[in-house]
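Okay, so subunit A shows up in both of these, paired with subunit B first and subunit C after.
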Partner chain A sequence: MTNVAGMDLATQLSALLPYLVLAAGGLLVMLVDAFVKSLRKEHLSMLSLLVLLGVAVANFTGSMSLSDRTLLGGMVVNDQYSWFFNMLFVAVALLTVTFASGLYDRDGHYRAEFYPLVLFATLGMMLLVAATDLMTLFLALETMSLSVYVLVAGNRGSLRSSEAGFKYLIMGAFASAFLLMGMALLYGETGGTSYAMIGDTIAGMNSASLLLKLATGLILIGFGFKIAMVPFHMWTPDVYEGAPCYVTGFMATGVKAAAVAALLRFAWLTLPVLADVWFPVLMVLAVVTMTYGNLVALSQNSIKRMLAYSSIAHAGYLLMGVLAYLQTGRDIGVATRAEEVGVAAGGAVLFYLVGYALMNLGAFGIVTYLSKDRKHEADTIDGYAGLAQKRPVAAASLAVFLFSLAGIPPTVGFVGKFYIFDAVVKADLLPLAIWGVVNSLLSVYYYLRVIMTMYMKPAEDDSYSGGSWETVFAAGVLALMVLMLGVMPGTLSQLARNTFKFMAY
Partner chain B sequence: MEVGLTHYLILAGALFLTGTAGVLTRRNSLIMFMSVEIMLSSVNIVFAAYSRASGDLSGHVFVLMNFAVAAAEAAIGLAILVEIFRLRRSVNVDDLNSLME
Partner chain C sequence: MESILFYLFAVLMLGSAVMTVTSRSAVAAAVWLVFCFVNAAGVFALLSAPFLAILQILIYAGAIMVLFLFVIMMLQGPVLPDERERRPWSRIAVLVLPPASAAVILIAWLARGGVTAFSGAQPAVRGTAEAVAELLLNRYLLAFELISVVLLVAIVGAMALGRRKEELPWK
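Up next, the complex of A and B:
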């Protein structure tokens, strides 16, 4: 393992450039807000967009000389896996800032803290995926979570927003305690906090000790909270509904993707223990998660609550992919073609995360677009009546996103689900795949209901109508991407598979 | 009797369960906060005990990180609670029902 002294400082710093740019950029935005008095409202969002573009460039050029590099004495790693997710998180943050800028301009109050908090949350997500030490994993998770707690509660003067923030914080802190207890026991059982040490110790064990089993279970609970896995989903509907809609979009895509990505790396690290002990439990939870999410979503009248339950259901689909990967660590037939099945499963999860980020962020973008201000969000499904006549572009984009969430071709949602089910079948888990297909069919009903309302019902006086052009433009671009990736998924899917292969094999 | 690693782990386990029960059963949000802090403290005991038993320092460092994060979490949590109290004049979680259907 390379330590700090073993690699010269300049190399390390240049490899860490995306993180440094983002951290410094967040501080800069804060300072500019505090000290530049002649500031216009658009300036901070422009500055944040510039910072994020800088991070994207730093990340992209960094990949030119990319080889798996352990940095800061084994605290973080710079590999293709972290590179892939850095790009995703920067894209999510860019879109969130774009969506929010429109709403903030029409809002009576201007709250500048939104921008640095989004930047810091993004930094947390990036480090969460790059972490190769329990300590960085924990700090990154908290950097992300603490920023998002404030973002959720950020709509000051609104009881719903504060309440959502409080619920998220109590549940999040509760989950962190479980995660930490798991980390402490894992540290005790393996004698170190670095992934290298933990991996070596677990590989050298004949059978896992009771405390080690308990430790991995507790860590799974911690991740389960973040990705909204049943029975740790209680906070999801309330928090998604109470938070401002552009923050909900950020949480549903960025936070979930970061948690799943970190969970996959953790699954790779502790594969023997998870596959032996926790596989059956996770299988039951995945089935319950998607079924519960889809069933409850059927009866929702608030579009944000509907999307919250849909996000629980999608956590179930993602868990199916994780399960297909865990299957390769079990002592059964699949182990002989472990790499083939593992790459298919991991690649499918990565592809799905990108697709899910595009379609879900787009859907929340349209909700943001239609919201008059932060007190009157476009939340009831009935208010979407006649949108197709009034705002054809917004209605068409939302229809594309909802079709994609339902998994109807030719959209990225369909391709993503296809890859996941395919990997699950390859992993000899056919019943699970069938149950996933049944669930997808079930989910079509509640997505179609919104589309029907938009296209079939006449507009009423209190129906929602437009907002700022940049939001609908960004959403339109997202809709095109959703369709494009649905028709030509090859490049991204190849990239996702290679990325997972480099990380795990 | 020599106090060893097992004793510390049992103490930490008992504290952790106490905290869990507190979060799940109490209805006053401040008490719920305190219960979460108890859970975090029990984790610190585990880290310190293992660290001392193995002579490896990273457990101790983890405890310090934990303190810092717990403090930040409490600061944000109390700020949100103050905001809720202003709007609702109560910190009882049963009164936080504006998001129920």
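Up next, the complex of A and C:
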């Protein structure tokens, strides 16, 4: 057997088992669809769910020794950080497949490409977080993005969906070009593509060179596009609105979490020298991002557009956590207790990403549940009138998700925001924390508007009513989890903090 | 001598790239792109990677661009009418973008004091076919496999989106 950088290949491949299972599973789903004639449409979704469960098992058993293991000559790493996010992405994909198959069942027809593309997109997300080489980082990002471009345009026959897919593809290609240019400059400056080499070279510098600043800026644009950071957010409302609602949920949670996680690993890499460069830029962008998202969300009548702007605002909150972490690398007072503040900030971002995935995916799950078919989605807020009488469970779940998005206790959204603001205050950035709280208050208005419509207004003839039981069941379980983590956040928050600590310190 | 050749290739490459995006006729744009690829092959050759240079010419300048030209000629894309008077935006873009990219190169050049200082970009091995194969199946094994997933996704996506409406299984 060939040797790749010391360790024998069998050991390394067994550590890569989750990724291999997922890639093989995607191929299997495609082959089964092509060759098994007597297939009923539920079979593919069942098979995809089984593949994802297999990945979860492989991830769980494979990484029981949570030591930092660099694999394949530094291309990917198998650490607790990647383990944590693998679990999150598998959960997101499981829920997406469940929601989608519920809608397909009602629709009477299914799309064969959907399931393999979701699996491949999940593979891209997992590798994006595990990547410790610019080469892997870029390829993982492209695997994820290409799959999502197609998923967004998946609603054939709908002009909006095609427009969304096209827009996302063109803008995404542009963002990829920026990212690639930044990577090329970084390679030219440090002489290597592996994180270890880049980190060593940067740590040996006294101050950041002009080229290095330029490289980081371009890479930041690439990531900023994926997490919908202002001013790279232009695509967000149109794409979120045009994509089928289960795909929107997948994008808003999975893609965003993957990009933030990769950004955090990258920030860690460049922290000592570049913190001063990143900080002022990200500071302005974080403030603008959350303010813009919240202000524009106030006037939306489409629930998907509203959630799109809310997703921009949440990118701002997440950037606040990243800022608190960057603050520890700057040569100021915080540096003396860098580890304490850094772990609080990184742990808060990780916790928030999990919480945000639960509540946002739940909200999109309810939108999927209420949609009649793929051409008639439950999109206008007025259509939610009287939902509390017609579908009490769905209405209650949606209310829980929206309360959580607004950050009202006792939900995971409140706890997540609390951790982020706490870390920001610890990092001596009190004004930023206050601005974050003001923004959260602002956001309460547009979330409550939907809840008011559901509970206070009488039902009309064209109000939305429900669909498949498995979607509302999954959403109900999510709502319970949102509440449970809001009351008992301890275990998850400890896990998030430890995960970040192992990665960064 | 090497740096003279490098700048020659670089300037020609950038110039033909600008011509590619500004040409009014799709065929002319494609031919400019071929020229751009040939110059990129020259840069590869200067970086002592002859195998990459040959591949660049065979695959990109040769096979892919011929397909491109075939498709363009089959679709008989019209020569775009001159809209420059009505579209000030494109004129501004043409005026702003080349200087901007030139500025990026200038900054890179000033920051490092010339091309030769890009010591990191010097390959550790000679870029022969053997060395490339060694890298692909050893160090870049994962990237190599991942590219096949990217291509698979692209094929599936193109099939899924390109199918005619009457061929859709659910119409």
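Worth a mention:
We adopt the following convention: the second predicted complex is superposed on the first by the 497 of 505 C-alpha atoms of A that agree within 3 Å, B and C clash if a C-alpha of one lies under 4 Å from a C-alpha of the other, contacts with A are read in each partner's own complex, and residues count from 1 in each chain.
Assume contacts are C-beta pairs under 8 Å (C-beta built on N, C-alpha and C of every residue); 3 or more make two chains touch, one makes a residue touch a chain.
Computed from a predicted model, the values in this text were never measured in an experiment.
Of the two partner chains, neither subunit B nor subunit C is touched by A:296.
Once chain A of one complex is fitted onto chain A of the other, the partner contacts of A:282 are absent, as it touches neither subunit B nor subunit C.
Of the two partner chains placed around the shared chain by superposition, subunit B is the only one that A:180 touches, whereas subunit C remains out of contact. Of the two partner chains placed around the shared chain by superposition, subunit B and subunit C are both touched by A:146. Once the two complexes are overlaid on the shared chain, A:208 sits clear of subunit B and of subunit C alike.
In the superposition on chain A, contact is made by A:192 with both subunit B and subunit C.
Which of subunit B and subunit C touches more residues of subunit A is settled by the count: it is C.
In the superposed model, A:415 lies in contact with neither subunit B nor subunit C.
By the touch criterion defined above, A:167 lies against subunit B but remains apart from subunit C after alignment on the C-alpha atoms of chain A. Judged by the touch definition given at the top, the superposed model places A:154 against subunit C, while subunit B stays out of reach.
For the contact definition in use here, the residues of subunit A common to its subunit B contact set and its subunit C contact set are 135, 139, 142, 146, 149-150, 153, 156-157, 165, 185, 187-188, 191-192.
In the complex of the two chains, the subunit B residues touching subunit A come out as 16, 19, 23, 29, 32-33, 36, 39-40, 42-43, 46-47, 49-50, 53-54, 56, 58-59, 61-62, 65-66, 69, 72-73, 76-77, 80-81, 83-84, 87-88, 96, 98-101. Taken in their complex, subunit A has these residues touching subunit C: 2, 4-5, 16, 23, 26-27, 30, 72-73, 75-76, 107-113, 116-117, 120, 123, 127, 133, 135-136, 139-140, 142-143, 146-147, 149-150, 153-154, 156-157, 165, 185, 187-192, 209-211, 214.
Per the touch definition, subunit A reaches subunit B in the complex via residues 134-135, 138-139, 142, 146, 149-150, 153, 156-157, 159-160, 162-167, 169-170, 173-174, 176-177, 180-181, 183-185, 187-188, 191-193, 237-238, 241-242, 305.
The touching residues of subunit C, counted against subunit A in their complex, run 104, 107-108, 110-112, 118-121, 137-143, 146-147, 149-150, 152-154, 156-157, 159-161, 163, 165, 168-170.
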